[in-house]
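Naming follows writing order (A, B, C, D, E and F), and every chain is counted from residue 1.
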Amino acid sequence: MTELGVVRRKIRRADRAAVEALGRYGVATVHEAMGRLGVMKPTMRPIYPGALISGTALTVLLHPGDNWMLHVAAGEIEPGDIVVAALTADCTDGFFGDLLATSFRARGAKGLIIDAGVRDVRTLTEMGFPVWSKCVSAKGTVKATLGSINVPVVCAGALVNPGDAIVADDDGVVVVPAAAAQKTAEAAAAREANEGDKRAKLAAGVLGLDMYKMREPLEKAGLRYID
Amino acid sequence: MTELGVVRRKIRRADRAAVEALGRYGVATVHEAMGRLGVMKPTMRPIYPGALISGTALTVLLHPGDNWMLHVAAGEIEPGDIVVAALTADCTDGFFGDLLATSFRARGAKGLIIDAGVRDVRTLTEMGFPVWSKCVSAKGTVKATLGSINVPVVCAGALVNPGDAIVADDDGVVVVPAAAAQKTAEAAAAREANEGDKRAKLAAGVLGLDMYKMREPLEKAGLRYID
Amino acid sequence: MTELGVVRRKIRRADRAAVEALGRYGVATVHEAMGRLGVMKPTMRPIYPGALISGTALTVLLHPGDNWMLHVAAGEIEPGDIVVAALTADCTDGFFGDLLATSFRARGAKGLIIDAGVRDVRTLTEMGFPVWSKCVSAKGTVKATLGSINVPVVCAGALVNPGDAIVADDDGVVVVPAAAAQKTAEAAAAREANEGDKRAKLAAGVLGLDMYKMREPLEKAGLRYID
Amino acid sequence: MTELGVVRRKIRRADRAAVEALGRYGVATVHEAMGRLGVMKPTMRPIYPGALISGTALTVLLHPGDNWMLHVAAGEIEPGDIVVAALTADCTDGFFGDLLATSFRARGAKGLIIDAGVRDVRTLTEMGFPVWSKCVSAKGTVKATLGSINVPVVCAGALVNPGDAIVADDDGVVVVPAAAAQKTAEAAAAREANEGDKRAKLAAGVLGLDMYKMREPLEKAGLRYID
Amino acid sequence: MTELGVVRRKIRRADRAAVEALGRYGVATVHEAMGRLGVMKPTMRPIYPGALISGTALTVLLHPGDNWMLHVAAGEIEPGDIVVAALTADCTDGFFGDLLATSFRARGAKGLIIDAGVRDVRTLTEMGFPVWSKCVSAKGTVKATLGSINVPVVCAGALVNPGDAIVADDDGVVVVPAAAAQKTAEAAAAREANEGDKRAKLAAGVLGLDMYKMREPLEKAGLRYID
Amino acid sequence: MTELGVVRRKIRRADRAAVEALGRYGVATVHEAMGRLGVMKPTMRPIYPGALISGTALTVLLHPGDNWMLHVAAGEIEPGDIVVAALTADCTDGFFGDLLATSFRARGAKGLIIDAGVRDVRTLTEMGFPVWSKCVSAKGTVKATLGSINVPVVCAGALVNPGDAIVADDDGVVVVPAAAAQKTAEAAAAREANEGDKRAKLAAGVLGLDMYKMREPLEKAGLRYID
């Protein structure tokens, strides 16, 4: 259960191989492989284009205007983790900058997902430390109140349990429950397997209407062509 | 009239030469040439910078969460078309990705304008297939309900009739009624003709106040300079 | 006091050396040096990444849909100024384009901050004329009503007095009262002085928890570690 | 075509009897009778609860921050009209207050639909003059630039042609093309005819699953009940 | 785990007595009693003022634009349930109206919480069937795709498990995990117990500064009074 | 200058008689009397309809998620004050409820203006303690960090200096600089004086076009009537 003032140290991280496998596919493919679930809201955008990461969620629950727990989080990072920071209420402050990024990277974090603001984005971009956030804001925070580490959180509309697999790219962020990581990676692989063939057909001018055999169901649904 | 479940096949596309001429000017110039009308809301943003396209509108009316009609649209594309997709209600789902883009391109589409979300933006960028959308979202859609093709639609606040001329660039998207394409292209050309001269004067330090003879009307309106 | 129809010509600009000094630090550092105040809302975004400017505010008060006063503003620009344009009510129109930018640059302006829309962003980017705005919009404006020049304005939530120091970069925009520019530049320098040392320690794996001596206050606040 | 600076005086208003008939049904019913089309965005809210009006659209195209054309509109109102005001770009100003309402009522207007702000809402409520708007704002406007009267407009995402039938209630606003008013009123009547029967059954505990015979299609679609 | 196409029939509802006890306190008190957690986003507003309900969550996962599962939900309602409807992506459609409300009430539902739109609000108000929603919209939906019933959902930023206790009033909506319902009701009671005394003191002019003994900590934090 | 950690005790309140006089007019009239300036953004809404207050501003600067300074503010209230609370960054938390309202009222406050959330709105409505806020939210705050009292603040886009006159009603909130209160009250009185006459004429069917002599300037501006 979600609670304040708690740091859970023993969490079950998703299988490393499965997490790596998920990182071979984009967010769109992984989310389709999960049955079109698990995607965060499109308000979450990368601070620079081109990043694609996968990792295990270290969750942080923050209060508006207070980033103290991000410092606590740094002490819990294991190599391969992605820090996922949620808030108890909406806030646009800049909770994270280049010093924290330096620390996170030193501990092995692959990136940050935060449902709030981030700053020092030029330096973060130069460092190649990827962040997905709700906004960019120079506005700083205080260090005065306790949130929690590694409790279940809702981040940008998605439930994240500590240890869940996270995949993030230019399309956004998807959460894969730890127990489903392996199965989802396989389903993603299967989806990709026949995409090349489909792409070749479509590039040759074959219509999806024919390739996916949609003409009959469309007609049944009542579609009328009018000249 | 706007109707559901209909594919209109015979539409009058704006004059090809006029559409190409419009493509020589940016959206801002074209919209000024129309009398400051026809621009879509600034919520419509390109997925990558630098694209400038002009074409004829193939309109699509979609339901929230359902992209079936984009597959139907592919079958109606003629070279030089720009697909303009409107929704019956606001939705942020990712309706369009690289497979559909491959198909659209194979049919000759120059780009997509969609008042909803788009995904696979990294691949679309690599392909150089330009999309203007309300957001980027990995969240997929179903294929279950009928919209329409080539009916009048309202996309991001602008009325688009099938066959209208569309111009899109980094400033957004403008719609030119098919019947006004030629006249608008000429007006745009006229606007641009004397811009070079104006730019040179302004660059030399001449004030717009003097170049546009604004000092007298400003004084009449009551402007007071206070030392 | 804020008034309409007025152009104030004699304003006290912040000390030039102090303004230049502020430009050596990012917006985040300057705003921290001011006590975490003075930052505009994160809705203000640069039209291209990588710009960092500092200058003195020439303020403009505009009505929705009317950019007449930007032409008046051009006549008041002194080298080193940054034009800061506020609105009497929210509006997304594109108030500023490449012709005005050419004029502003010829007069010595370093950039524009506008709580509304801007257009011709491709050309502005090619010119390297930086703009921070609420949105990009091709929609043009009229020239019919009077606002004011060099009156106090509220721009994107921040109070700006004419002559105040402005710093803008990828993180946003901060306003430093003219009288506080020197002191703030010194405080920013002091902040940066020991950042290199901190960064090195954090990069070496030292935790902020230890470097900032947070463990005791966290324990006092009641933080519990659970295995 | 939409144009600026024009007042069209001869418009074809929807059949009066049909418009009155539409007023017997709520917006939800009318919009269903049209095939789930024609509804304005849910940003349009009534200034007080309980109003239900139907009438013929007198359209107004306004610029941001300028309400001059509403005064021109007053001169064109015929009894039974509903003024529908659209903007060339988003604006939250208060374009309309109790004096204009007094004038509109004296001319026979049944209400106002405006995709912007309104003010004097307490007085308007006392007068019982209903307005659907995007917001309430005390911020006034100027009278300096020309829009148009009785041109096609897009208001809150819906296309409105002069003379179209408008129905507005607590659920929002729907536009019925003049030519479809009669047919839509009949379809609405048909929908309502069997609602009483349905309501009685549902009130008695009959499930929609059974009443609408949904169990089989749900099963076919793959729905699984798990104990 | 969240899954599509599933109806879970056996859920553990929060203890009835505890749920009823929670209904004696407002949402603000209950959420404080939980440690300031569990509140849905303030975008969730009641369709009429004055309602206060508590009940057990019957969760529904819907796709944008499709309300089929609300009909399925009706068949699962037990007296005392509150239906909590979440969406797989943002949508403003009107998913729920008076016919469904009639059915829900006949089955014993106490109200609806839906992170989307609702319609027929005048009739719902007359019926006294309370709904908390993101918006009011006449725009209807289709019945074509499967969501789920009684899976964990994220509704307006809050995680809701089937059977959780829900309290809703003019301040919004709070979710109490079923297992914490009893303890939370007790904590809420304790909070209220000494509120009367506090209120009397404050009404008599005693300052919270003194009543809560804040003067010393404020001084320690550095607060300066300046004459 | 705006500073943190400061309580200014000696402020110059606007003239009491002028403030009372301003309270006789609505916000729209007062703002027009000021030259269409001083209005807060339309995001500020009253928690119940029908309230109209005027008073002198006691300003509070708060951090997101922290309402400590509202308790400090209570100690500074003088009869006739309106507390105006601004935030250093956007936040939707519920900073204020019925206990604070009891205390504020006991000290003589006439109401609260807060650019954030408020809760206990049912009780506040029963108490008749009016609040204008950005939202309603049950989400509570902490008491951990210092803001300031009676420093200049920007609240919902308007600059408020301590002691300024505030008027608030169903149309929103307007700020009148203390030094301009008397003059503004007189200008408001003058505006209202001839409104009765105008209203009577308009009610009798006289057009604003004629009453305000707009026909000639409209014609000059190029307005064309088309039959």
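Note that contacts are C-beta pairs under 8 Å (C-beta built on N, C-alpha and C of every residue); 3 or more make two chains touch, one makes a residue touch a chain.
Please read these numbers as outputs of a predicted model, since none were measured by experiment.
Trainee: Based on which chains touch which, give the shortest step count from chain A to chain D.
Mentor: The fewest steps needed to get from chain A to chain D is 2.
Trainee: Spell out the chains that contact chain A while also contacting chain F.
Mentor: Touching chain A as well as chain F, we find C, E.
Trainee: Going only through chains that touch each other, what is the minimum step count from chain B to chain E?
Mentor: Minimum step count, chain B to chain E: 1.
Trainee: Chain C-chain F contact: same residues or different, taking over half shared as same?
Mentor: Same, since most residue numbers here occur in both copies.
Trainee: Could you let me know which interface, C-D or D-F, is made of more C-beta pairs in contact?
Mentor: D-F
Trainee: Based only on mean CA positions, could you tell me how far chain D sits from chain E in angstrom?
Mentor: So the centroids are 31 Å from each other.
Trainee: If you average the CA atoms of chain C and of chain E, how far apart do the two points sit, in angstrom?
Mentor: The answer is 41 Å.
Trainee: Would you kindly tell me how far, in whole Å, the mean C-alpha position of chain D lies from that of chain B?
Mentor: For chain B versus chain D, the centre distance works out to 27 Å.
Trainee: Going by the contact rule already set, what residues in chain B reach two or more other chains?
Mentor: In chain B, residues 36, 39, 41, 88-90, 92, 137, 139, 145 touch at least two other chains, as defined above.
Trainee: Which pairs of chains touch each other in this structure?
Mentor: A-B, A-C, A-E, A-F, B-C, B-D, B-E, C-D, C-F, D-E, D-F, E-F
Trainee: Please name which positions on chain F make contact with chain D in the complex.
Mentor: Answer in residue numbers: 26-28, 31-32, 36, 39, 41-42, 45, 49-50, 52, 169-172, 174, 195, 198-199, 202-205, 207-209, 212, 214, 218, 221-227.
Trainee: In their shared complex, at which residues does chain C touch chain B?
Mentor: 5-10, 68, 71-72, 74-75, 92, 94, 97-100, 102-103, 105-107, 117, 119-122, 125, 135-140, 143, 145-146
Trainee: Using the touch rule from the top, collect the residues of chain D that touch chain B in their complex.
Mentor: It is residues 1-4, 35-37, 39, 41, 88-90, 152, 154, 157-159, 177, 179-180 of chain D that touch chain B.
Trainee: Could you pull out which chain A residues touch chain F in their complex?
Mentor: 63-66, 88-93, 137, 139, 142, 144-145
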